[in-house]
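Notes follow once the structure below has been shown.
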Amino acid sequence: MIRHLLTADGLDGETVNTVLGTADTLKQTLLGREVRKLPTLRGRTVITMFYENSTRTRVSFEVAGKWMSADVINVSASGSSTGKGESLRDTALTLSAAGADCVILRHGASGAPHRLAEWLDHTGTRVVNAGDGMHEHPTQALLDAATLRERLGELSGRRVGIVGDLLHSRVARSNVHLLRTLGAEVVLIAPPTLVPDGIESWGATVTHELDPQLPGLDAVMALRVQAERMNGGFFPTAREYSIGYGLNAARTAKLPEHAVVLHPGPMLRGMEIAPRVADSPSAAVEQQVRNGVHVRMAVLYHLLAGEESTA
Amino acid sequence: MTENEHPTGASGRRILLREVRPYGTGDPVDLLIDDGVVVGIGQHSGTDADEIVHAGGAVLLPGFVDLHTHLREPGGEDAETVESGSTAAALGGYTAVLAMANTDPVADNAVVVEHVRRRGREVGLVDVRPVGAVTAGLDGKRLAEIGSMARSPAEVRVFSDDGHCVDDPLLMRRALEYTRAFDGVVAQHAQDPRLTPGSQAHEGPNAARLGLAGWPAAAEESVVARDCMLAEHTGGSLHVCHVSSAGTADFLRWWRARSTAGSVSAEVTPHHLLLTDELLETYDPLYKVNPPLRTDEDVHALRTALAEGVVDCVATDHAPHADQDKDCEWSAARPGMLGLQTALSVLVRTMVRPGLLDWRGVARVLSETPARVAGLSRQGRPIGVGEPANLTLVDPDTEWTVRGAELASTAVNTPFEGMVLPGRVLATISEGRITARDGKVEPIGGRS
Amino acid sequence: MASRQSADAAAPAGERELLSAGDVARTVARMAHQIIEKTALDSGAEHVVLLGVPTRGVPLARRIAERIDTFSGVSVPTGALDITLYRDDLRQQPNRPLEPSSVPTGGVDDALVVLVDDVLFSGRTVRSALDALRDQGRPRAVQLAVLVDRGHRELPIRADYVGKNVPTARSEDVAVRLTEVDDTDAVLLRRPDSSSGATSSTATSGREPDTESGTETAESAGGKQ
C-alpha cells in the first residue's frame, strides 16, 4: 500500500480498487447503525492542517477519523510561510513530534504535501493531501469515483465529462488521472482560456463545446468557477459562461436517462449549475458528500491501520 | 592607471606557470608573470620566480568575467556576502564579477555602488563591479541616478533592474538613450509582468500537470523583441539577461542578422544549458529560478545559439538564497540558484564535450565577450606578453561531485547537488596574484 | 532460512495432514449434530444464527448450516462477521484488506449467535469478533464453534463446539484448507522451515515474530504463502 496519499496521478488500479472496496465495505458496515464508531484507529492521532478554509473537506476528514476512533485535532493555519510566523516545515515537524500519526494538509501552494512528506520522511508520520493549490485533490477524486460506481457500476468504458475551470482545478486534475486509471473515458469541456497546456497527455479529450457532448455522457461533473477567476479575463462575463457551460435543465435533459450529475461543491447555483439540476434525482451531490466520509475512512485505514512505520 | 584597476593586485611578485596550454591548443609552454603583467611565454627556468605553478598541460584561459552575479550585500548577508561571493567567484575561475543591484538598500545611487566596490577591493579576490539599478528602488517608475553612479568612483557601466523587468517601454527607451552618454549598457530582465502574474514554472505540460502557474516563453520573447527595436531606434546598448527560450534565440538570430544600429548582446545561464522543467516533479524549490527551467528543446536551442554566437556569453545569475527561502513550499520559495563554482563544469559538459565549443570558444563566452559588454578593459584580454595577468587555469578532465555544503557561498542552493561534472579550476590569477589554487582561495596577505 | 535436505519426506517439508477431506466432512457433520442438540434447535425455541469469521469461517458456517438443514430440517440463517476493524494487532501486521460482513435479515438481536471459525488459537480473534458482534446488535447468547482447537489460549475463551483438538507447539502452524477458498479440503500441521527436526523446534521459535502475530485464523496460518 501507499505510504502517503499525495496525488491521484500515479495511483495504480489495484490501490484504487482496494481503497474504494474498503470504503464500500465501511459504508455497508456502518449502514443503519445507531453507534457509528469503529475501534480500528484507537490511539492514533490525526491532525488536519488547513491553510485554506474548506469546511466541507475538513469536516469530512474529521468525521472519518472520529468514526474510526482516531483522535482528530484540527489546526487552522493561515497565511503563507514567508515572512510571517512559523514555516510550514517547522509546523509539520512540531505536529509530528507532538505525536501526529497522520497530517491532513490543505494548502494553497501546489506541491506543499510533497514537501511535507519529504520533511516528515524520517518520522513515520503519514501525509494526506486534502487539496494543494491548483494541483490535486485525490480524496475528492476517490469519492467521485465511489459515487459514480454506485450509480453506474464499473467505470471501464464509461464516458465522463468534466466542465469548467480546468486550468485552476485540482479536482479536475485528480479526477482525470483516477478516472483514466479506472478505465473511463474523460472528456474535458472548457473555453480555451481555461484549458491547461498539454492536457491531451493526461489521456483525456478536450473540446470547447458542451452541448454536442451531452447525449454521449454517462456522467457530467461541473467544476466550481472561483469568483476571482470571473474578473480575471478568462471569459467575458459570468452570464456568457453560464450560457456556454452552465448545467441548466435544458442541458441535462439532453443527457441519457442514467447519467449522473456531479459537483464537488460548494455550488454556485445559477452560474455553473442551475438549482433545479442540483436538486434533481440525477444529481449526486449529497451522495458525494456521504461517500466522502467513507472514502476518507478507507484512506485513513490503509495509511494508519497497518504496521508501524516502514521508514 | 587608477588604483581601481588593480583591485586584487599584488605587485612585485613573479609567478611562473609551468606547462600550460593557452586556449587548450599547442604544446605546453611556460608563462611568466611579473608585477601583474604577462612578461614571457616560452621556456623559463623559474629560478627567479617567487611562486611556481606546475600545470601539467592544463588549459590556460583569460580570467572569467560574470556579467550576472548576486552578491546579496548589503541586506542579504544570510545568503551571501561580498566576501563569500568573491571566494566562490575566485574558486570558479572568475577574475571579475558584476554584482547585481537588487540589494537592500537597492544599488540605485552612488553611495551603495561605491560601498560594494570598496568591499570588493577589501576582500581582494575578484574585481567586483557593481551594477546600478535602472529605476529608483527597482520600482519601474522613474530612472535611478544612473549618471551619478556612472561618474562615481565605482564607475558603473552596466545598469539593470534584474529580478524585475523594465516593462514600461518609454522608460526603457529613456534608459537606452541616457546610458549612451557614458557608454553604458542596459541589462534587461525580459519578462512581461502582465503575462506572468503569479508565475511559478515554465508554461507547458509539466507546469499544467503540477498545478504551477505558467511563465510563458512569449513573455520573454516579446520584451526582447521590443527592446531590440528600441536599441536600434535609440542607438543604445542592450544586453539581454538570461535568455531562456528557443524563441528568444530564434528572434536574436534573425535580429542580429539584419540590424546594424544600436548594440545587442545576450547571455545564457549554465542552468538553462543543462536543466529542464522535468526536475520540478519533486517540487523542490532548488529548481525554482527566474526565468524558469524550460524544455529539452529550449536547452538544445540555447546550446546551438551559444555555439553560433547568437547568444554571446555565459553569465551565471548566481543567486544565493538562505535556507529558509528554499526549504519551504514551492510558491513561497525565492527563485535563484548558485552558479559561480559550477559554471565552467556545466559549460564543459554541455558545450565542450559535445563538440559545440572549443576552448577558444569558452574564452570568448566566459571572458572576452562579457568583458567587452561590461567595458572592462583589463579583463578578457588575449593571453600574450604585455597583457594584464587575469588568467584561469583549467583541468578539463577531472570529474567532481557537486555538494552545496562544500561550495564557498554562504547559501547552499545549487541545483546540481549530487551531480558529477567534468572540469575543475586549478588556479585563478587576478592582476598577477594567485587568488585561488587547488580549491582554496589565497586572501590578500596570505592565508592565516 | 537454513538449508535442508528435502529427500526425507514425500509431502512438502515439515507438513503433516491432520484431517483428510473425508475427515473434514465427518467433523462438520458432527459439529452440526452437536449444535442441533445443544441449542435444542428442532424445538424451535431459539432463533439461531451462524456467523462465520472470514475467510474460512464463512464457508464453514454455510456447510454446518447445510448439514443442520439436512439433519433437522431447520434452516439456520448464516452470515459473515469481518473482525479486521476490531483487531488489536493491526499495527503489528501489514495492512490487510477488509472482508465484507453480512448479517442475515432479521439481525442478531435476541438471537443465539454461533460464531464459526476454522482454528482457535490465542483467542484474540474471538475477542475481536465479540466486539464486532456488539456493534451489530444484542444477541441473547453467543457460542463458539471451531474446526480445530490448537491450544495456547491467551484469553479466557473456550469453544462450545470443537471439531478436533490438536496439541501443537507454538512454532507450528495449523492450516485449514476448504474447497470454497483453496480448491481442496484438508487440515495440515506445518513445522517451521528453519528447524531441521521436530525436537529442536520449540527452543527458539516461540519468540519469532510471525508466531507472535499469528492468531488462530487460517489467514495467518495458511493460504497466504
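Here the chain labels run A, B and C in written order, and each chain numbers its own residues starting at 1.
Assume a residue touches a chain if its C-beta (ideal position, glycine included) is under 8 Å from a C-beta of that chain, and two chains touch if they have at least 3 such contacts.
Quick caveat, the model's predicted, so the values are computed rather than measured.
*Asks:* Would you mind checking which chain's mean C-alpha position lies nearest the centre of all protein C-alpha atoms?
*Replies:* A
*Asks:* Please identify the chain with the largest separation between its CA centroid and the CA centroid of chain C.
*Replies:* B
*Asks:* Quick check: more C-beta contact pairs at A-C or at A-B?
*Replies:* Counting C-beta pairs in contact for A-C and A-B gives the edge to A-B.
*Asks:* So the centre of each chain is just the mean of its C-alpha atoms; given that, what is the distance between chain B and chain C in Å?
*Replies:* From the centre of chain B to the centre of chain C is 75 Å.
*Asks:* Mind checking the centre-to-centre distance between chain A and chain C? Centres are C-alpha means, answer in whole Å.
*Replies:* 40
*Asks:* Chain A to chain B: how many Å between their CA centres?
*Replies:* 46
*Asks:* I need the residues of chain B touching at least two other chains; which ones are they?
*Replies:* Residue numbers touching two or more other chains: none in chain B.
*Asks:* Within the complex, which stretch of chain C touches chain A?
*Replies:* 82, 84-86, 90-101, 131, 135
*Asks:* Which bits of chain B are touching chain A when the two form their complex?
*Replies:* Of all residues in chain B, those touching chain A are 200, 203-214, 282-284, 324-325, 327-332.
*Asks:* Would you mind writing out the residues of chain A in touch with chain B in their complex?
*Replies:* Its residues touching chain B are 9, 80-82, 87-89, 107-112, 114-115, 118, 132-136, 167, 170, 173, 196-199, 201-202.
*Asks:* Okay, in this complex, where on chain A does chain C touch?
*Replies:* The touching residues are 1, 18, 21-22, 25-26, 28-29, 33, 35, 37-40, 301-302, 305-308.
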